[in-house]
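What follows is a pair of complexes built around subunit A, which joins subunit B in one and subunit C in the other.
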Partner chain A sequence: MIAPIVALAIAALVPLVVRNEYYLQILTQAYVFAISACGLNVILGLAGQLSLAHSAFFGIGAYAVALLATKAGVPFWFGLPAGVLLCSAAGYVIGSICLRSRGHYFAIFTLAVGIIIHLVIQKWESLTHGHIGVIGIPGPGPLGPLTFDSSVARSYLALFFLALTVAATARLMRSPIGRTLMAVRESEALAGAVGLDVMAAKRMAFTISVALAGLAGGLFAGFIGFLGPESANVEMTFNTLLYVMVGGMGSLSGPVAGTFIVYGLSQVLAVLQHYQMVIFGLALVLLIRFMPSGLAGAWRSR
Partner chain B sequence: MTLLETRGLSKSFGGLRAVDGVDFSVTAGSLTGIIGPNGAGKTTLFNLISRALPATSGQIVFDGRDVTRLQSHQVARRGMGRTFQATTLFADATTLENVLVGYRQRTTSGLFDAMVRSGRLAREEREAEAAARESLKSADLAQVADRPAKSLTQEQQKRLAMAVALVSRPKMLLLDEPFAGINANQSRGLIALIESIAATGITILLIEHQMQVVMQLCRRIMVLDYGKKIAEGTPQEIRTDPAVLDAYLGGHA
Partner chain C sequence: MELFAQQVLNGLVTGSVYSLVALGLTLIYGTMHVPNFAHGQLFMLGAYLAYSATRAGLHYWAALVVAVAGVAVIGVALERLVFRPLRHAPHLNSMIAALGIMLFLEAMAQNIWGEEFRHINSPYGGVVSLFGLLVTSHRLVLLAAAAALMGALLFFLTRTVAGSAIRATAQNPEGALLVGIDTSRVAMVTFAISAALAAFAGVLIAPISLVYPSMGVMITLKAFVIVVLGGMGSVPGALIGGYLLAIAESLGGTYLSATYQDLVAFAVLALIFTFKPTGLFREAV
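And now, the complex of A and B:
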């Protein structure tokens, strides 16, 4: 119980010390991507299903906020829950179909679904402006006395949502539902034989997972102010997957730590442009060889 | 009173009739054995009854209801527990967690309860843990409750698989080769456990290869060969049945 409070306290102090605008923006984005990574961890780490459609739902959440605000004048604070709801509904329906397949087939199926959603966003120019993207997305407006115009305030807002995500995931993991997902991950045959509705459990995990992706996407759109279809592409999914794997699938804090390490490193190595993938590729191979359960796994078995 | 009945139950895999028109019934409270040579369709029959596999044709009636079209978890919730031939457990979870999962079907807390940590959740968690500890005690596993299931001995794993199936208090328990891979000494303990389960009134149907064990445990035996029921009766009747001798000794038809 101590470790998360210490981590939260340190995180809360950082913006008071680091006053550099650029670093604060990177920090805020790391929080947002960590929320998405926590979401992927629910379906991948807890339920054991590799979904490769994850960033497509990040895109749906982001575009929902962006388009509701720019086309219909819906404020961020209404657009964000609307985006999360839209993602959940889409996730429930798409999950019901995709989850009929298992293992590699599920991964391939969701990869295709992710590509299709990305293409729809990219090609539906009358709605999304295609490659040009959406510009001038209004950020979060004031909530009572709280305003979110400064980078510091926005970083705190992102941190708040991340803390909420981690707390909710912790409760999920330590509940009978967490055990049900563990059962589904370890043996679907036995889970069914002891009376667990395997399909319903996987569908719930998928829906929660994409709802968190949508939340992250919505925050991303509101904070950055502009949005292009690349926010929903497959590369984003694989980045998120890297965060989760480096941190440790199925652990609570692993995906958050993984996001900070990999995303932080990718900012440091940004000068290398695409060549940084050579470094990440090698690092991933070494990681899977020597730390298959990620940093969290290595920490537990130290 | 009949607890389970199959009528013309069949399963085809491509051209192979793995289970072929089996009419079979199990009396409530009985301890029945299914025997037959390798590949006779015993495990397939279990998978059909527990709805792990869809039947090609025929009907399954369990506890007075047609369950032929239900899913496996729905049949399980009506009171049918089972174990698997290759002992199947949630390997990385602890012994206690394995049994807790077995109890989950009797609780109703959902996502909302987990998020707000409702009173119902707390009550059901206490109830589940009490039932799980009780179940571990009767399977003589209380002392390994916090060990990962994969670290238990083969024989302990078999008892744990039974405890997982029994914690929800099913009406019927299907045991798929409970004695496979354990020595004669350990078999005695397992026989005693199965007899004590039967003594509580739970109907048991078991598949077994070792003839002497089946003869000792079961009052009724059904013999499968090439997917068909070739004999049914008491151990004495089965021992002298010409069709059974033929199937096992490979005599000429």
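And now, the complex of A and C:
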């Protein structure tokens, strides 16, 4: 119980020390991507199902906030929950269908679903403006005395949502559903045989997972102010997958640490920007080969 | 009618490529139960190696041999270094490894050959008239070469001892091991064949479409659609499914909507999985 509080305290102090605008923005982005990584961890790490549609839901959440704000004048604070709700509803329905396929089939199915959603976002020009994307998305407005116009305030807002996400994931892991999910991960047939409702648990995991992706997407749209279809493409899923893998799938803090390390390094090191995907791809293979439970696993077995 | 015939012919050309790629994917899935997400990148590497070989002065067919051999070696290396050690790990691991290889190979190609579109000249540049349709000679050569390779593959799988060993391993790995089949060698040979098929397809299509780093992405996805359509692990399914999907796309793109042509394949896949969560057919080679 001590470690998370210490981590949160340190995180809360960082914006007071780091006053560089650019680094603060990277920090805020890292918080946002960490939320998405926590989401992927729920379906991948807890339930053991490789969903390749993850960033499509990130895109749905982002486009919901962006389009509600720019087309209907809906403020960020209503758009964000609307986006999360939309993702949850879509996730519930899509999860109910996709999760009937297992293992490899689930991965291939969700890959196709992810591509369909991405293609629809990209080609539905009258709604999404296609390749041009959405520009001029208003950021979060003031909440009572709190304003979110400065980079510092925005980083705290993102940190708040990340802390909420981690707390919710921790709660989920200890809940009966969390235990059911871990049983499903170890052996789906066995979990079913002892009378656990495998489908309900998996569907719940998928819904939570994509709701978090939608939350991250909504924050992303509000913070950046513009949005293109590439925010929903499959490569984003692969990046998120790497964040989770580096930190350690199935662990609570792993995805957050993984996001910070990988995203942070890729933004700071110029070498990494040029050879980013060469290194990312190689890292995925090496991790799965030699360190399948990531840094969290290495930490536990030190 | 002429438009229709033209589109069917185009479908057959694309279908030859789809089938070759899907055959490799299905062989690996059948024998090793790995959905090789990096399969399209082998197709892409084949095209690039042939490009470099022709630039170095080799004839088109010699370049094809070089590319096919080179990619087969890469396939063997992948099997030895990545997929074999993950044989007994959870199925998630080999899938994630395949995704990593996919990202790696594509990014490597981008670093080596750049983002620009490359072009390979075919020695068969002329145009032939076939039953009133005008066709470039290269397309006819492609159709014939693909058919010949598929015939050879079918002969190998059904009429030779090595081919039977592959089929036996696909049907029952433990059983195959028990009757003295070296399943570890089978896995290696299967990967080599699969990679070679993908490279062969890549070199054949390169003079028609262009060569670029992300050319493998769509073909992998299409091949998955075909393999799911025809049955994961099924050789005849991949063969027929490839031609069917390509003809459907070609006609759909002409008569329905060109914008959403690529969507057709994924919609088909989603529909199949919605109603048959385990695919259309039982797995079998």
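Note that in this section the second predicted complex is superposed on the first by the 296 of 302 C-alpha atoms of A that agree within 3 Å, B and C clash if a C-alpha of one lies under 4 Å from a C-alpha of the other, contacts with A are read in each partner's own complex, and residues count from 1 in each chain.
Assume a contact is a pair of C-beta atoms (placed from the backbone, for glycine too) under 8 Å apart; a residue touches a chain by one contact, two chains touch by 3 or more.
Predicted, not measured: the structure shown is a model, and the values here were computed from it.
Trainee: Identify the partner contact of A:I2: answer first if only subunit B is touched, second if only subunit C is, both if each is, neither if none is.
Mentor: neither
Trainee: Quick check for you: in the superposed arrangement, does A:G48 touch first (subunit B), second (subunit C), both or neither?
Mentor: A:G48 contacts subunit C only, not subunit B.
Trainee: State whether A:G281 touches subunit B only (first), subunit C only (second), both chains, or neither.
Mentor: In the superposition, A:G281 contacts subunit C only.
Trainee: Return first, second, both or neither, reflecting whether A:V17 touches subunit B, subunit C, both chains, or no partner chain.
Mentor: In the superposed model, A:V17 contacts neither subunit B nor subunit C.
Trainee: In the overlay, answer first, second, both or neither for which of subunit B and subunit C A:K123 touches.
Mentor: second
Trainee: Just subunit B (first), just subunit C (second), both, or neither: which does A:I97 touch?
Mentor: After superposition on chain A, A:I97 lies in contact with subunit C alone.
Trainee: Tell me which touches more residues of subunit A here: subunit C or subunit B.
Mentor: Looking at subunit B versus subunit C, the one contacting more residues of subunit A is C.
Trainee: Is A:L111 contacted by the first partner subunit B, the second partner subunit C, both or neither?
Mentor: A:L111: touches subunit C, not subunit B.
Trainee: Looking at subunit A, which of its residues have contacts with both subunit B and subunit C?
Mentor: Touching subunit B in the first complex and subunit C in the second, no residue of subunit A appears in both lists.
Trainee: Subunit B touches which residues of subunit A in the complex?
Mentor: Residue positions touching the partner: 168, 171-172, 175-180, 182-183, 186-187, 189-198, 204, 208.
Trainee: Could you pull out which subunit C residues touch subunit A in their complex?
Mentor: 29, 33, 35, 82, 85-86, 89-93, 95-97, 99-108, 110-111, 221, 224-225, 228, 232, 259-260, 262-263, 266-267, 269-270, 273-274, 277-279
Trainee: Within the complex, which stretch of subunit B touches subunit A?
Mentor: It comes out as residues 50, 52, 71-73, 76-77, 81-82, 84, 88-93, 97, 100-102, 104-105, 107, 109-111, 113-115, 117, 121, 124-125, 128, 164-165, 168.
Trainee: Which part of subunit A faces subunit C closely enough to touch in the complex?
Mentor: Residue list for subunit A touching subunit C: 44, 48, 50, 97-98, 100-105, 107-109, 111-113, 115-116, 119-120, 123, 238, 241, 245, 275-278, 280-285, 287-289, 292.
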